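Across the two complexes that follow, subunit A remains constant while its partner is subunit B and subsequently subunit C.
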Partner chain A sequence: MISAPVTLLVGLLVIGSGLLVAQGLASARKGKVQFEALLLEDDSAFPACPSDLVNRIFFADDSKFIQAANSPHLAELFRRERRQVALVWVQQTSASIHRVMHDHKRIARVSKDLDFETEVKLLWLYSELMLLCGALSLAVQAVGPLGVRRLAVYAHAHSQRLAQVQQSFQAATRPRELPRVGAA
Partner chain B sequence: MLSQLIWSSSIVLGILLLVRGLQTRLVSQYPFFFGYVCFVLFGDIISFFISHWNQHVYLYAFWITEFVGLLLGCLVVFEIYRIGLAGYPGTTRMARNALALLFVVAAAKGLVDTVSSPGWWLKPNTIELERMLRTTEALAIVTLALVCLIYSISFGKNLRGILLGYGLYVSALAVSLTFFPGEGHGFWWHALSASYVVAFFPWLIHLWSFQKVQVVEPAAEGTDRDYQTVAKATRQRLQGERGQLARAVRS
Partner chain C sequence: MNVAGRLVPVQAAYDDLLQRSLAKLPGDLARLIYLASTRDYNTGNYHHDGLAARFRPDAASKALEIAHRDTFFRLSAYSLEQLFEELEAYLNSSHEVPEDVLRTWQKLEPYRVAIPVDVNPAMARLFLSNIRLALAIWRHRQKQAPEPQ
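Then we have the complex of A and B:
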């Protein structure tokens, strides 16, 4: 039997993941509305963000440059604007992911040679990306694009520490090997 | 008093739905669904007279109609699957595999229960048995609805109404059977009887008039393209987007 705390934890994890995916889908919808506002007649003209844009948005270089000016007003304005740019980037990225999957599903639903396993894997990848977009959107709103990087570093450091603690715990609780009789 | 009201309203609403079905000729479009409504209607009328004649016989009649209704309900789900996904072979395959997976999981759970407690199947009464079957049926409907939602399948107003109403009825029934103590005419007993009446609202709204289902043109959807090639391209594009997101976090 599965205990109640485990059930509760799994339930919370499932609900939390579901909410993050919903947040990702909401970002995709916002991104789509922004594209539609551009009055693009041709769907193929859907503008994609340049790949190096992500480095500029989330890197601290521009922030350091602004801070060097020693103007709190300018720094605050930069932070606000950068957060907005990062949010639009997340929305456009999630809209782009949503569009890729939408195009795929349109073909897959009438496909006679659809492979169930491949399709489940693609749907899983899509859900995973939407979850990531949702988490990123919330993190950008909460701590800003530069804070996202700090959060990632913090989480990575803590996961490393957790792994070390777990390893030492396993070493401490591992049953000791009894010396064999007659062993040299 | 309340039981009589629920009973008589289900008979009146059933007659109204059947009359509208005959007028709009939806009966020939959805024979299993209207056959189910017809069966429940006649079951209700016959049970009404039996309950006034002999309570002991009524108990048997009730459970017999419940289980035959359950089997006919499965045919309704099959009809939704068959008509709704007729033009979508890809989604049909997905739904078929998802439902097969669900039934395998349900069977595995039953097997695990049997192994862990060998006499478990001797203990449950009719209510418990129906609860298990209705829960599985509700899960099958949810799975079917989810697959159709993922692939943006347009069911049309009529079929959507059948799915909505029947899904609502089976879910309400599964919840009521879970909390129903097995005896007495308390809240859950009334909820059990009222769940069928509730289903009539979406049925009557969506089946009041006939609406032609939009037929998909396979050529416009790109059936000539090989699935594996399309899937490979989609995977590559999604993985490219994943790389971008990973860079945002790691940058």
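Then we have the complex of A and C:
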């Protein structure tokens, strides 16, 4: 028999995870607004994110240069600026993940030979990444980007993995669909 | 025209741009500002009279666009310290009073329009942030420097 404290704990974990996923999804939506100011024509796709960008934002190399200036004002400005950049990165990553999944759903809807196991894996990876983005968004606001670099590197690597899986899926379904389009 | 026929003039225009115009400028930040200034605010097209006269206008425009993106990507990879050194070199080489340039840059943020179109948003945001920080560091160092006798 499951005791009341365990039930309460599990319940809180489920609610907490749900809230983090919601935060991740909200980040994806917020991203659309922010990017309009950066001259993107539409939000259909983001230009490629350089692989070292996550290191530049979340690692402490630049902060050492700021610390050498020995100015509380500069240190505070640096923290504020990096927090903003990190939040843009989280929003962008979250929006990219959301778009990959959106594209996958669009293709999967018309595909006739879906693999149940792959679909479950993709959904799990998507949920995990959205939860991560939600957690990252809150953590960046709470402690700044330098305290969450491992989480950011993990999210970056797995968002790339999700995109690769989706591309493989798209490549695998495309040859079977093209003849139908040509025949019509 | 075949693909090679289209690519060669762009490559030639690009090489010419590097050798004649960009090599004379003191650093990548100066190059970025210069290249951004050749872009039309309304259309986003690049134009350079001399380059367009020596090559075809479309090849010249494409060469300027490529050079702009290349320079931006190079600058974006700079550490904050390297970017600060670039800014210092740019301010010292300008024909204006560095303090005046600094004040204008901090108030109007003209470097915002130096970003090429369609670059990664987080990358663009990091670049703007680093310029803002480099300006603040420069101002801080000016305050710390002893007054001239």
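Here are some notes:
What we mean here is this: the second predicted complex is superposed on the first by the 136 of 184 C-alpha atoms of A that agree within 3 Å, B and C clash if a C-alpha of one lies under 4 Å from a C-alpha of the other, contacts with A are read in each partner's own complex, and residues count from 1 in each chain.
Rule of thumb we're sticking to: contacts are C-beta pairs under 8 Å (C-beta built on N, C-alpha and C of every residue); 3 or more make two chains touch, one makes a residue touch a chain.
These numbers come from a predicted model, not from an experiment.
Of the two partner chains placed around the shared chain by superposition, subunit C is the only one that A:V88 touches, whereas subunit B remains out of contact. When the two complexes are overlaid on their common chain A, residue A:L74 makes contact with subunit C while staying clear of subunit B. A count of residues in subunit A touched by subunit B and by subunit C gives the higher number to B. Contacts of A:F65 after superposition: subunit C is touched, whereas subunit B is not reached.
Residue contacts after overlaying the shared chain place A:I57 against subunit B and subunit C alike. With both structures placed on the common chain, the touch criterion links A:I107 to subunit B but leaves subunit C unconnected. Within subunit A, the residues touching subunit B in one complex and subunit C in the other are 49, 57, 89. Subunit A meets subunit B in the complex at residues 49, 51, 54-55, 57-59, 89-90, 93, 96-97, 100-116, 118-119, 121-123, 125-126, 128-129, 132-133, 136, 148-149, 152. By the touch criterion given at the top, residues 73, 76-77, 79-81, 84, 115, 117-126, 129-130, 132-133, 136-137, 140-141 of subunit C touch subunit A in their complex. On subunit B, the positions that touch subunit A within their shared complex are 87-91, 93-94, 97, 150-153, 216, 218, 221-223, 225-228, 230-231, 234-235, 237-239, 241-242, 244-245, 247-251.
Considering their complex, residues 34-35, 38-41, 46-50, 52-53, 56-57, 61-62, 65-66, 69, 71, 73-74, 77-78, 81-82, 84-85, 88-89, 92 of subunit A touch subunit C.
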